[in-house]
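Each of the next two complexes has chain A plus one other chain: chain B in the first, chain C in the second.
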Partner chain A sequence: MRVRSEILAGGAALVLAPLFLSNFSDYLLAWAIVSAIAFLGLTVVTGLGGQISLCQASFIGFGAFFTGLLLRHGWSFWLAWPTAALLAVPIGILVGLPAMRLRGVHLGVATLGFAVFFNEVVFRWSWLTGGSEAGVNFERPSLFGFDLHSNTRYYFLALVVFAVAAGLTVRLQRSVLGRSLRAMRDAERGAMATGLSIERAKLLAFSLSAVYGAVAGGLLGPLLGTVVRRSFDPIASVVMLALVGVAGLASVPGAVIAGLLLNYLPGQLGTVAGIKNVDLIIPAVMLIILMQFAPDGLAALPRHLAQWAGRTGRLAPGRPEEALP
Partner chain B sequence: MDIFVPLVVSGIVTGSLYFLVAAGLVVVYRLSRILNFAHGSVGMVAAYVFFVGLWPHMPMGLALPLALAASAALGVFIERFTIRRANRQSALAAIIVTVGWMTLLPVLVSNITEGGTRVVPQLFPKTQIIEWGSLFVTADQLIVLAIAITLGVGFWALLRYTTIGLQMRAVATSPEGAALLGVNVNFVAAVSWGVAGVFAGVAGILISPFINLSNVTLTLLVVPGYAAALAGGLQSIGAAFVGAMVVGIGGALLRGYGSDITGLQEAFPFLLIMLLLIVTREETGVARTV
Partner chain C sequence: MTLCRTIDLGISFGGVQAIEALDLRVHRGEIVALIGPNGAGKTTVLNCLSGFYLPDRGRVELDGLNLRRFSPARRAQLGIGRTFQTPQVFRSLTVEEHLDLAFALGRSFLGHRRLRRRSEGGRPAEDDIGRLIDATGLAEHAATLAGALPLGLARRLEVARALALAPRLLLLDEPASGMEEHESRNLGELILNLRDSPGMGILLVEHDMGLVGQVADYVYVLDHGRLLAAGDLARVRQNPEVIRAYLGGEARRESLAVG
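Showing the complex of A and B:
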């Protein structure tokens, strides 16, 4: 029950935050929540399924550019955005296809190669991205006459979408599928021996993470106004995995923390003590350190500390477990 | 037909460079069962140390060993202080640590050197050595191939004829068995990361004159390098050489004959990895099936 109240407090903080924040902060917060939706994809694939995924930013880019393409053809945003998200399903399946062959470790590099492929080939197609480095422009939509132009209103749209996605993720974690993913992560051959359908679980995890990415991408375009190819390069995907590793790989709060680390904090901090890129250096160093003793990241750190305080001395063996809400 | 031979020649040179990347990946994978995402970034650090830090101030004969020692030390440091402990948590944790280094190293290098891609001077003369019909081969191309073969054969000899080589082979076959026989498994693991660091360093330094010094591009060399290692079945250095030639020549031919499709060459390693992962069985590759 203690955990549940923490979740409620976190949710309340997210809902009430715009009351206390400036317009610019609302913009950054909306950006962070949009990213958190994409991070949920990594929660499923890497946190739950134990598969290294280094192409999440490519999925975001696909969602953004494809939504933009449909908008240019005169579609309504409320039709274009879900269509782009649905089209991400086959792409996720394509990426996950090699995962069917018991070679999860190797798949990580394939996902990185996929990110290179999307950045160098697909995002250069002029019919999709306009072909120039200037990027694709978006306008903020309105819903049934309700204007979403202000940053605060757009933030609440993102928050609602995130809440739905988070609810779906929690349900997935507790479902048979989620349990088979977890079993697969911890003991792949053992899970297969019990008759679980590992292949289906993996493909579903990858297609779901692609959908989360594309949903975030569709929201990102109108939020930022302009979307450029550079934002979705392979390094962006690598940074995403590093951040969610720090924040908590297998939990919904971890996805929110990762979103804040990626888009909210850097905009607020600027440069700290004259060191550039401090928003990347600190998480990367923290990731390397955290993996030594607490592979489930910051979101699970209170639990680790509680265990540590409760025992005499050593940390509990750090098998990554879910911080179930 | 006219462009076929020159394309193959340039593919062999690219393949030699990929082989140097792949060799380090295979060594670490065989000994620690870890896929080292930071491999390219270690080579990137060596290239910056050499081209920006050392070579402008001292002769190449001094700068090169120092830069390679630095990348070997970086490899050993990563293994000793960040991989070994994380690997006891889980293999996934150890691999994520390498992702952490892959994030950290390019940012640090960009901060220290004030970012950006640099054009670096050629290491070797581009004198034309062979001219035969449509075939041109320059000195630097031959030197790169020679270095790749020398290092490959040298490492094979190390594995075959030295005690540490025997220990490495023992650990690769069975870590527990080797430990029971008194092999210091931790020391062997550290040595393998050091060797991988040297391979990465040589690769980074040799590649930079061809593609310019760039912290991101060199970091992402792990992708074609891994495609080569996978095409060789991640088994042996010799197989990695064959795999690297497949990736290098294949990519060059695609660039030559499919030039109207943008980015085909960049996409080739990814497409090859996907194909190999889907088609081949575990731990086999092109080298095993041909």
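Showing the complex of A and C:
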């Protein structure tokens, strides 16, 4: 079970990381993990279901703003956040409706239309956002008296939520819905002839992706302290899909890697090396590299390396660790 | 007893009449072949029956039920199984997972659960899947990803997947194309065995006259969307109109000869 040990190692790394990282790095890592939750939504709708979705950032924005709205009305965070996540279901269904008729690029354009609509209309509604272009402010919550204000503690909250979301995603992959989505992605007509209601499958996939996005959004507000409309513009959604496509679309590790590429790496490079626009440069460079060397995404890179090493005869195939110095 | 019929069926694409006033019947326990030259409209008939095309005129009935309102998925759940000329298998699922999914959809929200016929409720046992895999000759490949199957086996998998729906009507679209002669004969035996399934009818679109001769009880000949002849193979082969449609040139006489 090589795969399982890889996942264990990855999980252990995520749990132990704060021991070795600065406070600022914990903050970036928490951000990356919150994004990874949203990326899991793309894992479902695009990775499993093959439906192009270019409004994942809008779902995050919805989750963040709606949680903020309920908080302003005096709700507890622990009630406001799940409510916003549940309300994302009808939003996801709405976005999924064009998928009944559209495929591929056309569907991409339609979902991008939603992203524009959310950014230009919905996220300007003052009843939702409080009416300030300066953004919505959040405070970090405590749980049963346990204070989650520090970056490290908030990181662990995000990590727990991510672990639950990832577990559900893995279960989903093996469920009837997961297999139905893969069947639909592989051969839509074959899936219809097998009795699959592709309408129901698509709407379920989109509403699940919306819930993942809104769950991430609810966590994002208190993490960042302030949330602005611009963070959820259509370009953010496009970058998200590109990144997760590069990192590995149909896998949980792919979502983590995408989160790290989106929020951790640029933060580190930006502050340490002073490089600007890294969030746009990284996906472009990664895409070029990966198209060349790992067409299945970063998550499949170890396998590719092992195969490549096996072919060249320097490492035993499948057991690369033995030959390492 | 009539299982499925088309009544005055007609459909056109951009002004081209693909099927015209077609009346066709499939009885229970019967294997019916639909033959004709390329472009005769054979696959179009299958698409009208399975709901992938909506006809402009006429209708399709299954056990007397007008299917007009039913989507392909609902027709599948009602008991119309089909295969495709180019197999539409799920490359990332194994052979076993295909059948498992087909069974599971029959009792899932994702598969129009409410439309299930009550008579065949209950969970399919593991051995139902095993029996189907054996019957279609896929036993050695149960754990193989469909994307890795050669064409002949992918076609068998499509047949197995369709059978997992416990269909009343099975539609086979050129199952023997691209197959070696002995493969096609094996396939013929498989199809003949299927006739034993109680109450099922089979409609077969096929160019391979060897296979048609081997299995078909009744043959419809289609040309330019119109019915040219119907009857048993030996009879329709004598029909001068059929010969003319098929020939076009002397060289094609072979295509009508039993292989």
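Worth pointing out:
One rule holds in what follows: the second predicted complex is superposed on the first by the 280 of 325 C-alpha atoms of A that agree within 3 Å, B and C clash if a C-alpha of one lies under 4 Å from a C-alpha of the other, contacts with A are read in each partner's own complex, and residues count from 1 in each chain.
The criterion applied here is as follows: contacts are C-beta pairs under 8 Å (C-beta built on N, C-alpha and C of every residue); 3 or more make two chains touch, one makes a residue touch a chain.
From a predicted model like this one, the values you see are computed outputs, not experimental measurements.
With both structures placed on the common chain, the touch criterion links A:G10 to neither chain B nor chain C.
Within the superposed three-chain model, A:P82 lies out of touch with both chain B and chain C [touch as defined at top]. In the superposition on chain A, contact is made by A:R179 with chain C only, not with chain B.
If you count the residues of chain A touched by chain B and by chain C, you find the higher number for B. Legend: residue contacts after superposition of the two complexes on their common chain; A:G108 is shown touching chain B, with no touch to chain C. After overlaying the two complexes on the shared chain, residue contacts for A:G195 are found with chain C alone; chain B is out of touch. When both complexes are overlaid on chain A, the residue A:P266 reaches neither chain B nor chain C.
When both complexes are overlaid on chain A, the residue A:A187 reaches chain C alone and has no touch with chain B. Taken together, the two complexes place residues 185 of chain A in contact with chain B and also with chain C. Within the complex formed with chain A, the residues of chain B that make contact are 33, 35, 37, 82, 85-86, 89-97, 99-104, 106-108, 110-111, 216, 219-220, 222-223, 226-227, 230, 262-264, 266-267, 269-271, 273-274, 277-278, 281-282. For chain A in complex with chain B, the residues that touch the partner chain are 46, 50, 52, 54, 97-98, 101-103, 105-110, 112-114, 116-117, 120-121, 124, 185, 233-235, 238-239, 241-242, 245, 249, 275-277, 280-281, 283-285, 287-288, 291-293, 295, 318-320.
The touching residues of chain A, counted against chain C in their complex, run 176-177, 179-180, 182-183, 185-187, 189-198, 200-201, 204. On the side of chain C, the complex with chain A involves touching residues 50, 52, 71-74, 76-77, 81-82, 84, 87-93, 97-98, 100-102, 104-106, 108-112, 146-147, 158, 161-162, 164-165.
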